[in-house]
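Here's a structure for you.
Per-chain numbering from 1; labels A, B and C assigned in written order.
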């Protein structure tokens, strides 16, 4: 097969890391080519280079046999390469149509949106996709936003479409729709698709060929049909990894948390959490499964005291804590691990000891007459570094120099060292590599074994199913059901997350 | 940026060592001094002579040295007033307004209680009361901005700036054209402080010097060692993380503005009632408001260390006085001290760049230089 | 009465020009709190140039140039170096405050030239401002360039991914903001009040900055706000026209500043924010790093 897009010896260094190390890549015309790799394997950097967002230090790109040099996405777009990023690149305050025409070479001088609207509608009709072009992007669902980005690339005349982790924020049914749509594009329109992912099932389901990256290097390039899952994992990780979680007996304790018809608004002042009720016992894990943006964030924040409840009650250990401040909740043994490690759970410029103090500055054991106990915090930090296997030079490193996985280990260690009775863990393994993920999950199970009640919020259905005692799929601010683990199978929960199944057995 | 065959770029400096902090501060000040030679070009002496005039008056002339100390105390309080909110990530550019409020607060005490020496209270009690009133008035003005910031996230830069203008005109109202604080003989300035209420001096230096130095130690200990200081710093570095850690941003925003305002109020007390030869709110009180901006620069250059700001404030105090003296002695145009303020600010911003970035260059591989046509064919 | 109104609109023109430039650079995502400094520098440069050469044209050209250069300097710090935009803005303000005091002081006093011709007592600058409001609105909301500017201010990563040169767009906008700030300063020193004194603005720039926030980043609302503040400003200078004998004239001078505070409070309430807050450019004040 004649490669439509080829890379030779692409190398990109960032301070401290080599993101891409002499990467060669051949993408055939009219194929779905998967790029598989763990987080940090260099997938996104490579795609950013193909799209001109990042310039390589070494190496060359060839498009249809011609050497090309992209100084910016502008150049790549002009050559018919479009990219759909992992995080949405849409202006949420603007309309769908404005977003689609943004940056199009014909949008010079006065905007003639009427003409553009007709063209985009024709495109939509051709691909069997409907979206209100006048709607503001923030009003759309994640799945719709992704289609807007794909439409936008097609409207620009993209013949090569790069999709970076397109399935990470989609529900299982949305993933199916997306993959079917992509295959139609390739089959009927002759589009070439580069699909970047770290999920094996996606690769197996959708791609013709797969290039596996590991630590910035190409580990393998295979025909998908000929590759086994085990082989792909081995190429991706470099060795065998045992995924299995140890089975532990469920040891339900006393009732600890009782939430009654809890509602809250999001930052835009719109209802985001609409009357959620559940109870939780000590030593139980409640897994809240859902795609980000369905009210999980607001639920976690209300439980942690960071967002006021619009209505409803939270009872903890027999008392009403609905209006308690975050500080009082920490004191009562409610611990919170937010999703944003670098933005919320840590302070980049602070030393690790100072980051430890974030959960201890109010603790009588670590303050004396208003003075912080530096020696005690240092001892505690050293203890966390060693028991949670945080790779850091010492306790005076700054948080900004820790990798995501190590930062998460530090945060987890810090919160768990308080021995919380209730732990709210929001996307605790998102973006972590296989090892760190396994470590975090094992620590959550340790906490459960010691009687901590855990509210686990995750988008990863496997994670929810392997850890939880109770599973609550959340959709548009409501629990679709609260199922005992035994009744929760992937198919059913996946459908509930997508809002496709109505109320099941509500406890 | 491309220079010939080299790619030159500024890259963030990951973690500058402490010594680098000191060096960039010194470099910024030296550069400002070098740049200020332009100001002395029209002087009727050599460049070196002009600098000698500035420094010898400010630091070696007994009269000048005393004035330098007086002014340094003022600048130090202004520095703290800016520095405390800055550590919480907030910009208090309301120093002039809070200084004016402090002056009004201090004069309110003799106005109501002891305009005549045989008042009810002993002078030392009245002096204590004046300091407290000045601090309270400054804190009230600062706290106003702090409350709005704390409760509603109102932009503190705009509010404090508006308060500067409001307080400026309020002082004018109080001391001019028959205002309540107007002097009996002089038009356009406040009544003079009764002699018993002059601040006690030791060798010409008022007791506020002790307060200023004590405050420096207090602030550095507060931020380095205490839980409260930790909370303020956490809030300044990352408000979301601070909230997550159970820190109350509203209470702290208010607190830092109260504290900052109180420092500025004491600066007002010091400059209007503790400096021999003034002892009133003069008609050109606006000048002292302008001077307070030196406090912003010394806090920024000292990179938030209160003790580190002490030598800087002394230097700035001396420079601004020496420059004003040289202006008269060498017949320079008005405003040399203002120009210095501007130059210092400019070199601070430049040094800030040097502090956080480093210049890197590398050769561009020859094959990568060919551009690609970017024009899209129509359609 | 007409005279007072004409004079008020002259004052409005200064608020309007300065705030309009700031509105455009904020729409592109760059906050410049040093607006007052740019106006001081532009005004002083215009005054000195015009007085020494006798040419108003040269004065205006000088003001526009220096405003554009200072805007560009702010751009270098905040766009290229991705520095803290408040540090840079404050730096520009204090720099300008200090340097203009020194540079301008030999020229202290009246301009001593004829007045710029006016139509029925109204100087041309207000009309120019209205024309610029219309143009700015048209460009921002009805052209591809405007869509690019607004996108750069809302979500620069999205704009860059669509092929919009975010850095160039932002530079263009800060330079434009600087040019208009220079023009506003020159309007003050050459037309509105052609007498140079040190720190002649005393807060006009900061009021203009507040007006941008009041306008919800819409040029037409900005025009209304600037007109209102012009009238208020002029009334505060001659309060005897409305309330003779009530309060000292010094207290009246504080009124326009005092009024901005409750307005700032109202637009900061959660009620207002959830209703109208979407207008604020989402990436305002945040440096943008490629990739």
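The definition used in the following text is that a residue touches a chain if its C-beta (ideal position, glycine included) is under 8 Å from a C-beta of that chain, and two chains touch if they have at least 3 such contacts.
Bear in mind that the values here come from a model prediction, so they are computed numbers and not experimental data.
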Two chains joined by the most C-beta pairs in contact, as defined above: B-C
Centroid comparison with subunit C (C-alpha atoms), farthest chain: A
Separation of subunit B from subunit C, taking each centre as the mean of its C-alpha atoms, in whole Å: 26
Subunit A-subunit B separation of Cα centroids, rounded to whole Å: 46
Shared interface positions of subunit A, touching two or more other chains: 74, 78
Touching two or more other chains - residues of subunit C: none
Residues on subunit C engaged by subunit B in the complex (per definition of touch): 33, 77, 80-81, 83, 86-88, 90-91, 94-99, 101-106, 108, 198-199, 202-203, 206-207, 209-210, 213, 248-251, 253-254, 257-258, 260-261, 264-265, 268-269
Complex interface listing, subunit C residues touching subunit A: 142-148, 150-151, 154-155, 157-165, 270, 273-274, 278, 282, 290-291
Interface residues, subunit A side, partner subunit B - complex: 15, 55-56, 58, 60, 67-71, 74-75, 78-79, 105, 304, 306, 325-327, 329-330, 336, 338, 340, 343-350, 354, 357-359, 361-362, 367, 370-372, 374, 398, 401
Residue numbers on subunit A that touch subunit C, as the complex places them: 48, 51, 53-54, 72-74, 77-78, 83, 85, 87-94, 98-99, 101-104, 107-111, 152, 268-269
For the subunit B and subunit C complex, residues of the former touching the latter: 10, 39, 91, 93, 148, 152-155, 157-159, 161-166, 168-170, 172-173, 176-177, 179, 290, 293, 296-297, 300, 333-336, 338-343, 345-346, 348-349, 352-353, 356-357
